[in-house]
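Going by the order they are written in, the chains are A, B and C; count residues from 1 in each one.
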Amino acid sequence: MMLEPRIGLPLAPREVDALLARTAVVLDWVGTLAFALSGGMLGVRKGFDLFGVLFLSFVVSVAGGMMRDVLIGATPPAAMREIHYFAISMSAGVITFYWAQQIALWQRPILLVDAIGLALFAVVGAQKAVVYGIHPAMAALMGMLTGIGGGMVRDVLARDTPFVLRSDLYAVAALAGGVVVAIGHAIHGPPTLYTLLGAAVCLFLRLMAIYRGWRAPLPRATRDQTP
Amino acid sequence: MMLEPRIGLPLAPREVDALLARTAVVLDWVGTLAFALSGGMLGVRKGFDLFGVLFLSFVVSVAGGMMRDVLIGATPPAAMREIHYFAISMSAGVITFYWAQQIALWQRPILLVDAIGLALFAVVGAQKAVVYGIHPAMAALMGMLTGIGGGMVRDVLARDTPFVLRSDLYAVAALAGGVVVAIGHAIHGPPTLYTLLGAAVCLFLRLMAIYRGWRAPLPRATRDQTP
Amino acid sequence: MMLEPRIGLPLAPREVDALLARTAVVLDWVGTLAFALSGGMLGVRKGFDLFGVLFLSFVVSVAGGMMRDVLIGATPPAAMREIHYFAISMSAGVITFYWAQQIALWQRPILLVDAIGLALFAVVGAQKAVVYGIHPAMAALMGMLTGIGGGMVRDVLARDTPFVLRSDLYAVAALAGGVVVAIGHAIHGPPTLYTLLGAAVCLFLRLMAIYRGWRAPLPRATRDQTP
């Protein structure tokens, strides 16, 4: 309710919307940067060469959105038509490559920036899917895919078990953000409100996983075997 | 020949077609359910959490059809526009998660249901491809992809060697079903006939692999090395 | 400059273009054949059955172009509409399967043919992307994807670390070829010239990697750890 732009804010609605749109673009860039850094770090750790590091930076920051756009029929994907995703991820890749050891000291801040990126990608992805007429339940999944797709491809290429499948409410948080957006759209809520709310829910779950160790339930069979 | 609907059946052709269409929908659901159970079972065995199990259930049941639809240009894919694939796979995922140990006792029935799912997905996939104007040879491959795509993605995500590449006439059976449909379409045969025939051929090959150990030939180099 | 078709050649421009177009088709087939052989060889080495070997042959020769076509919106992909990719890769797969040991003796020639295939796929891929209105920087990446996509999918399916990520200027060479085409298109150069120049650059880099051991730089952290 406090986020509703039409009540109690010192700015006119149109100004608020413009401000939020600009904020969303900036956050989109921050998210792209965070994901690119996370991809680059993995490349360095695996001993890939400069090219491999740049490649992973790019893939992690755009693969989720690309898969979403292909699946909802929005081709060519946004990352193919706009150049800023490419520019940001290349910069992040070069930075990771040459300052890998310093960046490794910033694990915690990167985790936070990554959580913000996840939250934003999840709500932006779900919003784009509903705009393209996708069923709300699938739109929520598309939000999740936008958030986790890059990390999934990264893990498959680097031969890790996709970490979105095992841990830390990562995909669950992204899905929760997408669900809020899908419901908000279905009940004709104000986009600004449900988008911010979805991002907040996703961010909250992810931070609880990082700081409080929240987890999704494990299957009983597994619990029995691993005491 | 016995399957030809226009001769020797007590129903009028239109009634037969309507009956078969309804049967196909039911079998499509059965196939989706079987594939979702197979995905969920793997997730439980690998120790994934509730979310990971649901995720694998969904991916295994829809990935093949999604890849086909993207490749033949039928976007957004059917699984994005209809909700029943999602509903069935989520139900199967929850069931697998909470009753994993009981389901493990039903290995053989699941294998049979999975074979039925494979047969149906293969012929439905090939049929959809020819309807979209794809070359018959590629339509047969699209039938195969519809049948095996989910299992391939499952194995890549769970870091197994894709089992469709090594064993049990799995992909070969799906391909055979697709080939029958592609040929049937090319010679302007009655769709009901060649679809059922394709499914029967696929099912037969798969059952022979399960019960009689039929295999595709191995390369000579491998046979020499592993006596 | 020597490649510029309009000056100093004994043939009229149109004849040169027609000759080059025919040459490009032949080289495209050679590239498809080389990639199919490389996929089939891996299948034999991993002990896959006949079907698995054919499957890898096909995937390696078409996956890169299919991913490019889906991303630039050229669906259905060329390999779905034309049958010759399928025919060539199946032939290569059968040959690999039955003559695997003889082919293993030809490692060096196959590496050369593969380099030619890479060069051609890179420039053809980038060219197709610019024709579809993709931003030049992304078109260069699409050239790279066309060249390396098949190998990436092959390595993921066979559970190797994608070798394009670690070695031998493979992806870098493809990218360089794509960059030449993208720049050539951006400055409105003659297509014949920049296409041939791009292929030459890619081929040169790849041959230097094979014969002189040229490499992309490794990250400092890795260099410190592995002396």
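Just so it is clear, a residue touches a chain if its C-beta (ideal position, glycine included) is under 8 Å from a C-beta of that chain, and two chains touch if they have at least 3 such contacts.
Keep in mind that what you see is a predicted model, and the values were worked out from it rather than measured.
Contact topology of the protein chains: fully connected, every pair of chains touching. Chain A and chain B touch with mostly distinct residues; of the residue numbers seen at this interface, under half occur in both copies. Averaging C-alpha coordinates per chain places the centre of chain A 32 Å away from that of chain B.
Across the assembly, chain A contributes 70, 75, 156, 159 as residues in contact with two or more other chains. Chain A makes touch with chain C in their complex at residues 43-53, 55-56, 58, 66, 70, 75-77, 79-83, 86, 97-98, 100-101, 156-159.
Note for the complex: chain C touches chain A at residues 70-73, 75, 132, 134-135, 137-138, 141, 152, 156, 159, 161-162, 165-167, 169, 171-172, 175, 215-222, 226.
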